[in-house]
């Protein structure tokens, strides 16, 4: 026992010394390199005026606003696109998930096709496709069922007076459709985890397929679906950083611009990490709440 | 005759103050077969698992195959004991990713550093002894429960142990498969293997056991020969138990 | 004859069982018909495929010198034939035994064939590109991330608190950050952490960044495998006198890997797709080289053709990988891991 | 014991990777020579300046400047590693040492040049440009005021972005910038109708227009938003490298002034060697004196440069001349004797 404890201690000391010395070495090199470039680590530049305009900003912003404010706008833009594509992805994902477990064979084949096509091609390519081919190549208004309510053009989507830019729209559609493919698999797995006996039971009671799905199967499948759903939402948040490829000003794109303009690579990168951490925390805490709510609801 | 297992006032308390082992003192001599009986939760599994260090204990003395084990659970002694004591579990616990032959030769090759050919030859002879030599290249999932348990016995024997421990070896089997496993254990007894068997099989106990140890609530209630225990148990609790299992 | 007789009720049962289903089916059939006619019309008559046809070598090999292109070609060909052999599943035992070693050997072979040496003309990594680079990044990173992930997973399960702490921190931190941030770090910030004069090749830096990122995910997948192995397996191994290291090596890890296999192959497919992110950071892998081609005045505006072509290539490679993976899974699981008890 | 030895070995490896402050004073030029290769940051996506050919080689005026540097520094114009950089990442790349220098149509301005700003040092200007705006002819927009409240496609992380901002602030009108990473995306965004106008250097607008199906449908507005003198750049504080770069550029200009070309360089060299009275030419070509050595280069670096790329005028004509894919009139970019602004100080 004693020998074992000492050996454990020995290994731990070795590993942590190694770890700490590597970190110390990197920090030393970093400071030498910053010295060489005539830079120290500081954050006062955050309050200088940014000098660049933004196409989209949820709060008042002008080029004379500070870098900090610009970054905050980027963060809000990220939040905006994440939350809205999250809704779309959930909606489509659940529908496709239901279709892939449903009775209509054609629908099942189609949803399978959709999932393989989306999951076997890179998201970045899909986003660029939606933007440059999907939205920008629309000539005139191709889709305008109700004048002024919903229209689709290369100026984006107009939805009952709210104008969504093509950058935002393509990100919304691209992220939504991509994540939905993964969510549908999570939903399918959850539904399949409910024992077949439960289906037979509600059918034998004469419930319709829809009633059975909503009242019997889903309540049992949800606890199995939620963890997978959470990780897909977190993936969506991380994937939203690909916005830079379609010219949407999210936190990463603005961070990139700020780093270029100020040359403050390390500080800018740290701020980026911090903002991702915040986004992650928000999503996982909300999902935790939802999880609790569903569990208590189920118990009642 | 030398003793293979000797315990004195062995005590183990679970976190909630429940005593799994309550001052257990007992002895198993060489070539003896001890059958441990008792209602579920009586501590018999805990007892047998302390014999090869799978459970620790809080106080008392324990000596297995001549090696002392204390409450500090000395790692080196535990490993030495495990090399010389075989164990067969209720759920077989074969390694599903290894073939039958690999299951049996793993410990001889890795622990006793035998060479592969020698270990495989020994394994094949054990398998033929268990009557399942044709299954050597298969994987556990392809075998029936009874066959799997016989592989588990062969695996335990491969280390040439001085003591074999059986923790309810037939409880997880289909009724029609119980016989083949008990037969295998019986033939081991005939060859003079020292064994401790936790089981509910009364017929088996009557026939094979040298001694029967009855436990309840972590205490040894009585130790008798099977003749006495099954016909004329000394204790009220023993009689009640025998009644319940329909004997 | 009999079959034809049964066809109509069969179709009715699968597609027209009630009025809602009938509506849905008809709608889908119409939509699929319209969409496919438009697509086929565009593919055959609308598209100008010059941007693809004139640049085949660029898509395949990037800027690799023309007279040396046989090297990446040979490597890719080898990978393809190895894939086919594995998929078919050869009957000969010796060939089957050789397969895993060959798969591992593909990496050093690829490095030698691409970078030169051993009598081959050296080719600097800046000339690597296209599909070759995409495949190279994927194979190297996944091969490196695999053992690192195993070590991290074991570290996270460790009894030693400091080891457990470091492993957990590493895994959680890398999983919280988007890949592009890590790649950005790898391409532009890593040089700040090394003394001047020490220069790490860009491709290697990309491989390292991908490895660091993927290993955290691999570790989590393997940990999931660890957790689904019953405690009794460890006990049985203990009872046989195996040491802690031996138990992990011979009993726990092999089972965990088999359980984690589907998740791990998904990681590999995800990695291949994620190599496209290097296009944003200036490596000319498949997507990157395509963006460069699109900047050529001759081909400006041919987005649709290029994207469709790229989607086709990525889809094909990923599908082959998925097939390979499911084949492997079936082979391993059917034989071994259906624990009945 | 073995463990200890392994530990010691790894520790010493670590120490080997440790930077010291003495390295602060080492010049990048020595590093380039040691490596025997130049790492040159280019765009890779700007027609005429640097773009990828179907045969897999980079072409353009920026690329030729890289070749000239490589010829001077390591004696071989092909020892260049081209590193395509987006506008946004280019300065970070120089600062972190990812590239040795930039030859990536980068505009010189005060904050980029100063130690309190981006901390770069610029070589002489190789192309005088100005920022302009391109609109569709049928849009009836004929000056910047017509673009109020319209969206404008612009490359991110560029001075272009700041200039357009300043221009609209000056006339107090709002506009919407649509920012892309690369010029080809800016062009695409504009041509697909995402924006009413695109803004970039006028040379790039001309190049973009020439690639459209019907160039006549697009006009470049008269408004010139800014001066855009484009120049190679390196990290500030490294005088050895920046001096070497400066005089390589001057040698290209000086060669054009003296009529020395790729074709006649050997002839001129022979002439210089035979006629000891041609002092300036002898000094220029390194036959006499130690001008090259003073810069830390070979004395005949000018000969190597001209052999590799020809003089400034030849480089210009190859990529932007009337017969090229992207014809842009030389005007301001002529040498001073022909009415332009390019002039080289004497090689003394």
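Details
Chains here go by letter, A, B, C and D, matching the order in which they are written, and residues are numbered from 1 within each.
Everything that follows uses one rule, which is that a contact is a pair of C-beta atoms (placed from the backbone, for glycine too) under 8 Å apart; a residue touches a chain by one contact, two chains touch by 3 or more.
All figures in this text were calculated on a predicted structure; none of them were measured in a lab.
Nearest to the overall CA centre, using the mean of each chain's CA atoms, is chain C. Using mean Cα coordinates as chain centres, the one most removed from chain B is D. In terms of C-beta pairs in contact, the better-connected of the chain pairs B-C and A-D is A-D. Averaged C-alpha coordinates give centres for chain B and chain C that are 48 Å from one another. Measuring from the averaged C-alpha position of chain A to that of chain D gives a distance of 38 Å. Averaged C-alpha coordinates put the centre of chain C at 38 Å from the centre of chain D. Here the CA centre of chain A is 21 Å from the CA centre of chain C. Shared contact sites, meaning residues of chain D that touch two or more other chains, fall at 17-20, 23, 89, 92, 96-97, 181, 188. The set of chain C residues that touch two or more partner chains comprises 188-189, 191-192, 194-196, 280, 303.
Note for the complex: chain B touches chain C at residues 52-54, 79, 82-83, 85-87, 89, 91-97, 106-107, 110-111, 139-141, 145, 148, 155-156, 159, 172. Contact residues on chain A toward chain C in their complex (touch as defined above): 8, 11-12, 15-16, 19, 26, 29-30, 32-34, 36, 103-107, 110, 116-117, 119-125, 128-129, 132-133, 137, 238-239, 241-242, 244-245, 252, 256, 265-266, 269, 272-273, 276-277, 280.
Listing the residues of chain D that touch chain C in their complex gives 17-20, 23, 26, 31, 34-35, 44-47, 51-57, 81-86, 89, 92-93, 96-98, 181-184, 187-188, 191, 207-208, 210-213, 325-326. Chain D meets chain A in the complex at residues 7, 10-11, 14, 17-21, 23-24, 87-92, 95-97, 115, 117-119, 151, 156-157, 161-162, 165, 169, 175-181, 185, 188-189, 192-194, 235-237. Those residues of chain A that touch chain D in the complex are listed here as 14, 18, 21-22, 25, 28-29, 32-33, 35-39, 51-55, 63, 132, 136-137, 139, 154-155, 166-167, 244-245, 247, 249, 253, 256-257, 259-261, 263, 265.
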